[in-house]
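To start, I am sharing the structure in question, which I have written as structure tokens.
Chain lettering (A, B, C and D) follows the sequence in which the chains are written, and residue indices restart at 1 in each chain.
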Amino acid sequence: MDAEEKVIRLVTSCPDQVGIVAAVSQFITEHQGWLVESNYFTDSETKQFFMRNEIKINPLSVSLNEFRHTFAKVAEKYSIQWYLRDTSQRQKVVLLASHASHCLADILHRWHSKELDCEISCVIANHENLRSMVEWHEIPFFYVPIEKSNKVSAFEEIIGIIDQHEADTIVLARFMQIIPSDMCEKYMGRMINIHHSFLPSFKGANPYQKAYERGVKLIGATSHYVTSDLDEGPIIEQDVIRVGHRHRKDDLVRLGRDVEKTVLARALRNHLEDRVLIHGHKTVVFD
Amino acid sequence: MDAEEKVIRLVTSCPDQVGIVAAVSQFITEHQGWLVESNYFTDSETKQFFMRNEIKINPLSVSLNEFRHTFAKVAEKYSIQWYLRDTSQRQKVVLLASHASHCLADILHRWHSKELDCEISCVIANHENLRSMVEWHEIPFFYVPIEKSNKVSAFEEIIGIIDQHEADTIVLARFMQIIPSDMCEKYMGRMINIHHSFLPSFKGANPYQKAYERGVKLIGATSHYVTSDLDEGPIIEQDVIRVGHRHRKDDLVRLGRDVEKTVLARALRNHLEDRVLIHGHKTVVFD
Amino acid sequence: MDAEEKVIRLVTSCPDQVGIVAAVSQFITEHQGWLVESNYFTDSETKQFFMRNEIKINPLSVSLNEFRHTFAKVAEKYSIQWYLRDTSQRQKVVLLASHASHCLADILHRWHSKELDCEISCVIANHENLRSMVEWHEIPFFYVPIEKSNKVSAFEEIIGIIDQHEADTIVLARFMQIIPSDMCEKYMGRMINIHHSFLPSFKGANPYQKAYERGVKLIGATSHYVTSDLDEGPIIEQDVIRVGHRHRKDDLVRLGRDVEKTVLARALRNHLEDRVLIHGHKTVVFD
Amino acid sequence: MDAEEKVIRLVTSCPDQVGIVAAVSQFITEHQGWLVESNYFTDSETKQFFMRNEIKINPLSVSLNEFRHTFAKVAEKYSIQWYLRDTSQRQKVVLLASHASHCLADILHRWHSKELDCEISCVIANHENLRSMVEWHEIPFFYVPIEKSNKVSAFEEIIGIIDQHEADTIVLARFMQIIPSDMCEKYMGRMINIHHSFLPSFKGANPYQKAYERGVKLIGATSHYVTSDLDEGPIIEQDVIRVGHRHRKDDLVRLGRDVEKTVLARALRNHLEDRVLIHGHKTVVFD
């Protein structure tokens, strides 16, 4: 890629109708945009049309502002909801953790080895034990203890830290706390959780214990956007691993960790690459 | 294997205690038994011990009756529940079907190509459409229509046919009817169902519709022993397949069929080989 | 879908350049085409651009011939290689088999239960044992024995039968014979094989024996287009299944069958839906 | 477990014969051993019998030395090759790495979070870049640069460090150097490698490039014991991940990392738990 080139992502959603692809691709062509990757999907039930275009443009021939300004007219004509991402601006991610280290360590390693293209602004945790690991990565660590008595103020403090860091995306890396409704609303579509079961099986607390008791032959993990409806948010990614009678609950916990961290990492990567489009309480994932 | 050799399976369950394996293997050795395969498992929670021995014996040196008779004494000493299977006696299997063909066709093909070691005594269905396929395999087909008005008599008729064929194992190959409680009791541990979801997700009717609506990223199937508690019986086998936003409900049904038939076939095979031991509402599967 | 509507598939390949998507989608819009599904891919190495459009058109406003005729001009301008499929014309498929039944039975069942949208013109086999199964499906069965001495004439006879049935697609459903080079050439891109290993591991004969000897922990199957270079044709689909030390060669054969038939079925389905585009000795699969 | 209890593992291999299980389990019973887990396997081809017993003993009633001494007599009678592991003595592991961090970071995290039951004596690497990560874990880091000109002395230095730390197990965590034959011999059955392909596909250098060029639809990783025959040692564990036409070589490298680290971790865990028994150039894995 030449130094003066830029890659942008144009992500849209609108009612399906004849001519949208033609109109949008015509627009891109007129602005000398080169399509790096295009994904389209029409939901046959709701007749909603989703599109993700990754476009290489030359900012010397067309500025991002100009692109944005002129596309707004196309969008208006077709009732398109859209956003445009300048990929040279890395997203700011805030991680929330508790005392379990596996998901956090996994994300930090992917970020540190440049597999994950984002900025990690800080880690907020309600336990102190992961501070040293986080600080080794030269990432600020905020300890916000959460007790039954201080929940309201603790979450206010957390929201304060998130907003002070201007987080684009918030990741609950086994945070293990129920997020207050208003916080769910505030970060709708930007806050990603990993639940340690194959949803909708085993919602809520102690899913591995429940899986053990039920005698399932596979256990799983689910990454989803957080909504105020516990474990009911739009699912981004899921996976499973085989277990058997010889595995005790502790084994399920151990085996499940590998699934949890992989599922969360895939979900986060797709989210950061603007591949996940929310459609009601479901997602379209252009991977 | 020499003509005069026999393979038997000794399957046991008892409270764990020092010396069981020694006692049983000593017994087998004394009867000139050759261990083809041995599997042991102790449930750490209930302290129950499970064992499956596949043994080659020479009926000239020891008759099966004698073997059985002398083992009863060992069993009594250690409070062992047990059974002994003579593998030269193939199990009699009765299949129950509705109008969907995929699980039935799959089992019939595995049987026909000698992959499945059993006798298929007959197929009972509440629709006529699969008669020709069944009869091509030279297997008797019984049509028992089930209406709201005749449920009691229909199931009596089905039980009559099963018992007349002296079925060892009953397979619900997408039978799609709720089995009366007393029939569940009667064939406890011998009646295998395939449910078209990854249990405990999406119990009951229309699991694919529910999976579609929830937006899960994997769908699955579960084979379990039938109990009077709907979709709650001991799970024998489960598996999943990846789906995505582009799959409509019909696609889930189609993709799910492949999982259903594979899961049911694996469960049935393990059951017929005496590899599945029921332990409360869970199973031990020595595969 | 209204009775007068038609679904067509426009499949194209050309050197990547600015404006193709715009030009093609503009063309489709002008002919009142409704995009049911669109898939695009640019190979970053070869700069080749691939596109598959599934389009609903109203033949009253535009005839297929007219569509074809006018698109030829667009194609010429952008050096597009293309074809257009009228989905109301089901493809004619000829199946070649030997004595193993699993892949053949699987395809026949999928076709019989309307899962596979094609016509099965006939089955050609070099053994007689599957005749009755094929004929139960009311499909013509041709027995063409192949001996060392008659290979040339046998394959001439096979080609004769294929051509007489005007086959669009030929499937080697565990045919187990090496196809002569000229026959490979003749049906290039239309003849699909299933090889019973995870290629490029274990090319050629006896892959399960080789897998057993090597002690691999997974075995697989590969579906690919047949070329004159044995087991080197473009891969369409692959999958694997876990095995272990307790599995003898016969177990690998048995477990492998399930993978073979699933992989072949997926490959065939994608091929019939024009989702597989050949790119050198690789494939683009829009699934 | 009571403070005075000990868990030991008795791992054996011998020609199959009537009475072995009886003799060994009788021996264990006589020494008041409690079988925590037992696994048996007879290779039907070589008639070799493998056994792994995990046994709880009370050192007050029987010392480990006494147990070892008396078992030697049983072993002699049945020509049993065996070893006995006292699980209270954690194995010493030395890790060899290059500049890629993912496998090393994964193992270190599993060790740090107490998932992996061993001592990590030190890390030896031919690049300096991972020093800080290793030292954060308070593990000694040895930098041994390897050039074409100094290979012999470099490997002598490495062997020196390994032996000075009395390593039980050596792990090549993407070490990327060909191990000299004599070093392979010296650590036979104790040195574990991770190869970044699904062996026997893509042996040697650049497997991801080769996989990309071949157009495979799955890529994999293989963990095996190192022998002087490159990438031909006994396979312990393998796994794969799905890829497609849209993945470039860099994507294969990225996706492959997740498989590599999981496969290596599973292999290492099973090795450390004495679940992997070498049988010729294959393995028996009691997992």
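As a working rule, a contact is a pair of C-beta atoms (placed from the backbone, for glycine too) under 8 Å apart; a residue touches a chain by one contact, two chains touch by 3 or more.
Note that this is a predicted model, so its numbers are computed, not measured.
Touch-path distance (fewest steps) from subunit B to subunit C is 1. One copy, subunit C, sits rotated relative to the other, subunit D; on C-alpha atoms the angle is 180 degrees to the nearest 5.
The chain with its CA mean position farthest from that of subunit B is A.
Taking shared numbers over all numbers used, the subunit B to subunit D interface scores over half, which places it in the same class. In this assembly, the C-alpha centroid of subunit A lies 42 Å from the C-alpha centroid of subunit B. Centroids built from CA atoms put subunit D at 36 Å from subunit A.
Residues of subunit C in contact with at least two other chains: 37, 246. Residues 41, 43-45, 198-202, 214-218, 220, 234-240, 244-246, 248, 279, 281-285 of subunit A touch subunit B in their complex. Touching subunit D in their complex are the following residues of subunit B: 18-19, 21-22, 25-26, 28-29, 32-40, 42. In the complex of the two chains, the subunit D residues touching subunit A come out as 37, 101-102, 105-106, 109, 112-113, 115, 132-133, 136, 246, 254, 257-258, 262, 265.
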